[in-house]
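The block underneath contains the structure these notes are about, expressed in structure tokens.
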Amino acid sequence: MPAPARLGEIVAALGGELRGDGEVAISRLAPLESADAGSLSFLANPRYAAQLATTLAAAVIVAPAFADAAAARGAAVVSPEPYLYFARLTQWWAARQRPAAAAGVHPSAVIEPGARVHPSASIGPLVVIGAGAEIAAGAVIGAHGIVGAGAMVGEGTRLHPRVTLADHCRIGARGILHSGAVIGADGFGFAPSQGRWEKIEQLGAVRIGDDVEIGANTCIDRGALDDTLIEDGVKLDNLIQVGHNVRIGAYTAIAGCVGIAGSARIGRHCTVGGAAIILGHLEVVDHVHISAGTAVTRSIRKPGTYSGLFPFDDNASWEKNAATLRQLYSLRDRLRALERRQAQQP
Amino acid sequence: MPAPARLGEIVAALGGELRGDGEVAISRLAPLESADAGSLSFLANPRYAAQLATTLAAAVIVAPAFADAAAARGAAVVSPEPYLYFARLTQWWAARQRPAAAAGVHPSAVIEPGARVHPSASIGPLVVIGAGAEIAAGAVIGAHGIVGAGAMVGEGTRLHPRVTLADHCRIGARGILHSGAVIGADGFGFAPSQGRWEKIEQLGAVRIGDDVEIGANTCIDRGALDDTLIEDGVKLDNLIQVGHNVRIGAYTAIAGCVGIAGSARIGRHCTVGGAAIILGHLEVVDHVHISAGTAVTRSIRKPGTYSGLFPFDDNASWEKNAATLRQLYSLRDRLRALERRQAQQP
Amino acid sequence: MPAPARLGEIVAALGGELRGDGEVAISRLAPLESADAGSLSFLANPRYAAQLATTLAAAVIVAPAFADAAAARGAAVVSPEPYLYFARLTQWWAARQRPAAAAGVHPSAVIEPGARVHPSASIGPLVVIGAGAEIAAGAVIGAHGIVGAGAMVGEGTRLHPRVTLADHCRIGARGILHSGAVIGADGFGFAPSQGRWEKIEQLGAVRIGDDVEIGANTCIDRGALDDTLIEDGVKLDNLIQVGHNVRIGAYTAIAGCVGIAGSARIGRHCTVGGAAIILGHLEVVDHVHISAGTAVTRSIRKPGTYSGLFPFDDNASWEKNAATLRQLYSLRDRLRALERRQAQQP
């Protein structure tokens, strides 16, 4: 546990308008409802404004509209975008309390001949760096990382422990890859041949832009002929499957357990909810939002929000409705017949 | 293959009433239908009672109601709960045939300064234990395990090969973590900022109680500010995603491929079927059972069984019904119109 | 980048009828639309025949029906099955440009006493081979691989970096396992006991046939008493969960994110689309095709294609239809009432 920060020190680093006592000691960041007298908290959503009156926080980050209410109860930091301020505060806080990775190569790491590791990079215990791979300045390869032959890790990018970046795959600057992620396994490609499957070797790789974050145990397959592409600023959560030759546009964010089949193209600034699936060879344009659990089975050519999820219910109700659903088409026919007969009546 | 056990030896260890010859040699455990003359089998579900007459098993574990039928055909063990007896028997059997992990640290492991490893713990090949981590008595860290800085592994807990327990995460006593599990990767948190995503550093950790089992390649994210909590006795299958700040109540069991979004609270003694999803910030009370494939999109405040799954069908039938489903709302309107007209008729 | 191949060299190796100049230099394989003057391309689907006229490819692999059209624009290889020819070409190409793994054991690997490693096998950096394990001729165990005690890897099988093959599990010849795959973690088995779960130790293993490919981070659990079985020629994509005692028939192919619950039996020559789920203890016969996202909740006894997926829509339409769906059963009753009244009318 590091020493507390003074509120004034935070405002000096991150900006915002200080209201009240800058000497207030901040020991932790906390939500309004679980904050204590050593906590700095924030009000991002006006829906929770009532909590301002009851929180025990030492200080609260608020938008200008709540500045007076916050200052009336204690110290406050006023910022036009409190949630963004809070995000930056977490970064400042983490940098303060987490030790930086030491530059240099751990003696237990295996560096193959021809690999180039920048002296300011940090290579952890039991890492394997393949022949011809390149690790740029300030990159961190956590324990047990594997960087394949000819692969590239950009400046300041961090591979948490146990990440696999396969041969010839590349990631840009300031990326974050979480444990268990597998970048560059073979895409799933086979030609049928007399009831068997003949493997199509996957000759492409994976290319990942700058500022990309990839979650734990997420897989991004290498391309069949061309590369699979993840553009700048994409954020992928855990346990996502990205098939070969998919292209994900810049600043798109995708929640956990999503599956994206081969050659799908997803636009920029999209969001995809958890456990959604996107079939192969589809195109989704920019600014599309797909709800959790939705199966996208055809291209989406218009920005907007799309959904498709069976509503859940108590089991008995669901059973009755689901059984009826299997006869929905015939219900429609019966309805039509009734309409016709009624139309013939006087 | 170890030497066979005598049936009497098993009853001496696990209890139950022995009927017939305790000298019978048991070479393996087997279901009734594939049992042979060296097998010990069990009848847990009365539905399979007819198999008592045909099984080749040397002996059968049965409930009192089947004691005479079982004894009439050969040796038997009578127990009020045959399935529970069988579970304990598998434990006894496994302990007998699997060599215990040797205490001590494998010479290839990397133990960072300040880590505390109990002398009775077993640290396998190529394990990495971070600074300040603590491994309690009798714990087993399998090959390639990673225990982060400041993390804690409780008494007798076993990490199978290749488990990642990230910095400052804790697991209690008698736990089992399977290969590829990632405990404590960052939760998925970002503040939007001018079309980009600003990372919210995840400052919490993961706290796991006693007697918890976590499946292969399952991910449990660390909390944003507070910790993600898994209470005592929880059982998680493979490839499950548990988002940041989720709380899973004691003795809840969750099947494979389930996704639980951030800040969801799941009660005690619940079960969740495979590939279900639970959206974020919901609450599910104790004793709720969620069927496989169900998407829980709002809180569940009443114990019971809940479902929501599109019924599958042959493709042609499904296509017709699914197409009609997209006009369901207008079908309802047409039905309403018919009802109104009919109500006006004499 | 290796030296270009001559087209004639390819035809000499793989067969087919050469039309045009065999001296043409081939630097890469590419789809028709992104091919350049150094590319060899292929026309597998007649739907894309128009691209023959516009592609920049140096040469094209075509079926006899397109031989003249292809030859009219440049060099061509004529084969009755262009897609299969292309698949074999990718294999030839990969063999040519990827260095073979060097036979022998990397000095950083840990080989437990009693393990048998064939001298022609390749054991990569930081691999762990357990006591009594057997690695056959020509097998390749990539960096960080774990082969458990008593496990077996067949001739020519390749484990990409970071694969876990647990104790006593076996894979046959010519298999490919991708990074993060976990073969042989415990199946999910517990006996309920007074509100808690008593573990059923999983005493079986996993047996995998020849020519099987298993994707990144896919899990196949070991059997409870008998073994989990994957027959010859099965192809599994990434992030698939295969429960204990499942049996997957020969030459069945399963796409990413699929979940198969315990003791399900899937026939031969089946295909399963991405993110489908198959419940436990079901039987699916040979030659069944299950669409993506489908939940198979009962046995399938007839070959054919089966589907079950909520159609997605713009969010507003979906909301209306989904809400109505929860009253579907009562709609059916109202329809029935209307029909009855109408039947009574003159």
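List of remarks:
Order as written gives the chain letters A, B and C; numbering starts at 1 within each chain.
Assume a residue touches a chain if its C-beta (ideal position, glycine included) is under 8 Å from a C-beta of that chain, and two chains touch if they have at least 3 such contacts.
Note that the coordinates shown come from a computational prediction; the quantities given were computed from them, not determined experimentally.
Overlaying the C-alpha trace of chain A on that of chain B calls for a turn of 120°, given as a multiple of 5. Interface residue usage between chain A and chain C, two copies of one sequence, is largely distinct: under half of the residue numbers at the contact are used by both copies. Centre-to-centre spacing of chain A and chain C amounts to 26 Å, using the average Cα coordinate of each chain. Residue positions 126, 144, 162, 180, 217, 239, 257, 275, 309-311, 313, 323, 325, 327-328, 331, 335, 338, 342, 345 of chain C each touch two or more of the other chains. The part of chain A that touches chain B in the complex is made up of residues 28-31, 34, 81, 83-84, 86-88, 90-91, 93-94, 97, 106, 108, 124-126, 143-144, 160-162, 176, 178-180, 211, 213, 215-217, 233, 235, 237-239, 251, 253, 255-257, 269, 274-275, 292-293, 309-315, 318-319, 322-323, 325-329, 331-332, 335, 338-339, 342, 345.
Considering their complex, residues 110, 126, 128, 144, 146, 148, 162, 164, 166, 180, 182, 185-186, 188-193, 195-203, 217, 219, 221, 224-226, 239, 241, 243, 257, 259, 261, 275, 277, 279, 291, 294-297, 304-311, 313, 317, 320-321, 323-325, 327-328, 331, 334-335, 338, 341-342, 345 of chain A touch chain C.
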